[in-house]
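See the structures that follow.
Both complexes shown next keep chain A, but they swap its partner, so chain B is in the first and chain C is in the second.
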Partner chain A sequence: MTAEALDNRIGTAWKKPPLITNPALRWTLFIGGLAYVVLAVSSIDVNWARVAEGLSRGWAFITAFFSPDFVSRGGDIWAGILESIIITITSTVVGIAISIPIGLGAARNIAPLPVYLVCRAIVSLSRALNEIIVAILLVAIFGFGPLAGFLTLSFATIGFMSKLLAEDIEEMSKAQAEAIRATGSSWLQWINYGVQPQVMPRLIGLSMYRLDINFRESAVLGLVGAGGIGATLNTAFDRYEFDTAAAILLIIIVTVMALEYLSGIIRAKVQ
Partner chain B sequence: MLELKKLTKTYRTGDKALQDVTLTVPKGQVMALIGPSGAGKSTLIRCINRLVEPTSGSVILDGADITALGAGGLRKMRRRMGMIFQEYALVERLTVMENVLSGRLGYVGFWRSFLRKFPQSDVDEAFRLLDRVGLLEMADKRADELSGGQRQRVGIARALIQDPRLLLVDEPTASLDPKTSRQIMRLICELCAERDLAAVINIHDVALAQMFVERIVGLKAGELAFDGKPTEMTEEVLTNIYGEEDWQATIRNVDDEEAEAALAAS
Partner chain C sequence: MPVSTDVHGAKIWQLRNRNQTLIRWGSYLAAVAIFMWCWQRISEATTWFFVWDAPRIAADIGGRAWPPRWSYMDKLWGPLWDTFNMATLGTVLALFLAVPVAFLAARNTTPSTLFIRPVALFIIVSTRSINSLIWALLLVAIVGPGVFAGLMAIALRSIGFCAKLLYEAIEEIDEKQVEAITATGASRWQVMAYGIVPQILPAFAGISVFRWDINIRESTVLGLVGAGGIGLQLQSSLNTLAWPQVTLILIVILFAVIVGEWVSAKVRGAII
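Here is the complex of A and B:
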């Protein structure tokens, strides 16, 4: 019987089974996708006269990068950078401090269902609202300035950190945590000995990553009036001072790269 | 000392892991629990310290009904039951010393444990136990730097520092080589004898169990299928527990073992 089954197979070609088994469905999806792309591309409406006009302005902006002006608005740039750094650090620290308990609560394997649902709701809310929208709302409430930026980024950090921390906790080794529980530890001791060591490298890595994101975001949030280097950048654009704007952008790029390099080193060290 | 009365565990999926298991383990007895995968060995051991909640029945340790305890009482009771795990279950990113001292968590307050300021008597005892299992020099190494056999020794020290009355041992040798397996089993049995501890040891390796323990209990589909001395373990018993197989090579041949022991001694 088996010999016969084998003989039938010998000599026949073998192909990996397709992802979508039904050929009709497979081809419909493929042709439909192709048609969509063609239609979508043909519907793009470009005003070429406007582009030609804009190109020269774009070119002026690009050439400004070859003569960035760090000096004439030096005081404003420095104040803006300092404000951005303060916003970044304070919002990251406060955001993470709040994220830890919410992250614990949002991990299904350690939190009871009601706590889990509340924490997940906070996470979803924070992630659903884009930073810019939150910043516009908070600027409306608290007025122009870094306070709105600080609150916005703290709020955004909570959604980001809690979600990723909770996911890391859900993936932790159950055996290690169980072993600590079996010693008769209290809940807090269990978290401290059984859970924390397992998620600490990820927590530190994510914190560094978030610091990096918050700095970049703080530059963008200035455009809607939430303080920091973004506000300085916005002013420079409004005055058509492209060389100052270029200087600010270069500073932002260098700072972000430096932060990324630093976070890379720290993440490698804590493994 | 340990009594299980009609212990039953039905998982939410409807799987009956344990059915009416009644069993008594006297003080100082080392008992091996054998049976095929899925027979409920792990569940039985975890029902004793309620890492798994039994569905019905009771677990009585030194006269106290563990199944009736509240959260605080259960924590106090868990201090008396040291547990040794399959794959060691050390917290890998903590040091060897922190892993051993974690066995004292039930005895010290949160801040002391958080700041790693354990009482000197605990620290001394941790050093004594590490010395006893031959790992004194490794105290400040991280647990994941150790070999399998060394990790299991740390696991043993962590269980013993609880000052338990009972050891619950879940597949202690499952991921160890044959020689290390014997050394670990020997160490566990020696320590039980030294401290007059009772132990329940889940074990796959029937020959290894016969070599070291004084009583073997067989589980089959959540029910007791055998309870007796290692010498009473026959081919018929193994066939009843595990199913039809040639068991000649599995059952320990007493004469061979003694010859081997004599060789080792010389």
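Here is the complex of A and C:
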């Protein structure tokens, strides 16, 4: 700020500079946003009588968290959780196994253009489709059961892992890769000794993260019949057995926390 | 020492010694055994006849589903608007709730590290680890089916996500600016408004747009459990096996997701 500008400012109060400098844009955004909120809120019709009636049920649910019932549906809960874990493990393993070649193909500095385009198409397809929608389609095709859930999560894992792996490979240090190539290595040796050591720590970290995501997702796949704890949870809610539902939710929260803690330790170790 | 000798007594270099190698192969074996056991459980729970029949079924469904029933679009504008509202208002509500939680959870702004911070962290973890579909299921049971349940589900699910990213941003702020404001004799709230908030505002804007994009994806399926939006139409079309309508709805959802991602990428590009 020049001295003259400062002179003119003497005596005037300081004002916080606005986030958006252009006043016209600022006011348009503000008024537009306000108009939208009014319009949107008015288009939602809330049945307050129904809500008031439900509040006691909501309270019952909250109190159920302090007296969760692990026992009376214990068999169902245990079977559901076990199935969720099984789906999580298998889909993570298979998903990662498939996503490694696709990730290699989706990295522009390794793959030729046609391979790159095909792999990128697979990645974007997998990322654009919501897990639940994929699960619905796969349940329709393969029938009810954990196989549909396993296939859904494997498919979702491919999109996630391949994309991040490919980005990691694209950012790798060229010097190391070239050094291996200069020794006269074959393509496979080049990948194994030049590329793989550079991306391995991140790959392990991401795998742990994906394991965590897959468990969370496997908890809802049961809602559409793709196996796991979701079906038990759905039944518990439908019967208003909130204490059982609370028990299931607590198990999910604790498992997710444990997985997050474990993956934190492993990621800290490899990175 | 990772060195052993060959038959002539010459030393061979090895990457690992015997114990390390044994542990390594043992864990490989355990991993494969666990995987095979899991796979066996899945296999037992699967009707393989349906799986072998799957290509025919898929072709059959594909044949029925094409072409999409474009005229059904008239009935989709309303649900699409609802879906958009659930995502947007849900994000706004979540941000209002997430800001205080984030300030309570950040190490440098929390009033009490011993009592309040763990509570805030628990709120973050528990809202984050429960999927929005489960929240919707719960809220439909409590407040009845409709857009309101979906909106609340989206909001509750997003609190943890937004608060976590926001409190990490708060913990990473430059303490010098806070100190400078404190040195002017500012009150606690003034320090917050002029020392901390301007520093986290870009992160806040980025987080909200990012979460809005995710919420658009999630709100498209909330209708499956009765929480309003386009998922409701999807559910009813699936129940009546109206495959051409399902195709159209899937196309619309895909389109909405792509538009959401595009908008969010543009806005984030403009902010950062």
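Assume the second predicted complex is superposed on the first by the 221 of 271 C-alpha atoms of A that agree within 3 Å, B and C clash if a C-alpha of one lies under 4 Å from a C-alpha of the other, contacts with A are read in each partner's own complex, and residues count from 1 in each chain.
One rule holds in what follows: contacts are C-beta pairs under 8 Å (C-beta built on N, C-alpha and C of every residue); 3 or more make two chains touch, one makes a residue touch a chain.
Computed from a prediction, not measured in an experiment: that's the story for all the values here.
By the touch criterion defined above, A:V115 reaches neither chain B nor chain C. Once chain A of one complex is fitted onto chain A of the other, the partner contacts of A:V51 are limited to chain C, with no touch recorded for chain B.
By the touch criterion stated above, A:Y193 is placed in contact with chain B alone, chain C being left untouched. Looking at the shared chain after the overlay, A:T183 reaches chain B, while chain C stays out of its contact range.
Looking at the shared chain after the overlay, A:A175 reaches chain B, while chain C stays out of its contact range. Across the superposed pair, chain B and chain C touch chain A at no common residue. If you check the complex, the residues on chain C that touch chain A are 34-35, 38-39, 41-42, 45-47, 50-51, 54, 57-58, 61, 81-82, 85, 88-89, 92, 125-126, 129-131, 133-134, 137-138, 141-144, 146-148, 151, 194, 198, 201, 205, 217-218, 220-221, 224-225, 234, 238, 250, 253-254, 257-258.
On the chain A side of its complex with chain B, the touching residues are 173, 175-176, 178-186, 188-190, 192-194, 197-198, 200-201.
On the chain B side of its complex with chain A, the touching residues are 49, 51, 75-79, 81, 83, 85-87, 89-94, 98, 102-107, 110, 113-114, 155, 158, 162, 168. Listing the residues of chain A that touch chain C in their complex gives 16, 19, 36-37, 40-41, 43-47, 50-51, 54-55, 57-58, 61, 82-83, 86-87, 89-90, 93, 128-130, 132-133, 136, 140-143, 145-147, 150, 216-217, 219-220, 223-224, 227, 230, 233-234, 237, 240, 245, 249, 252-253, 256-257, 260.
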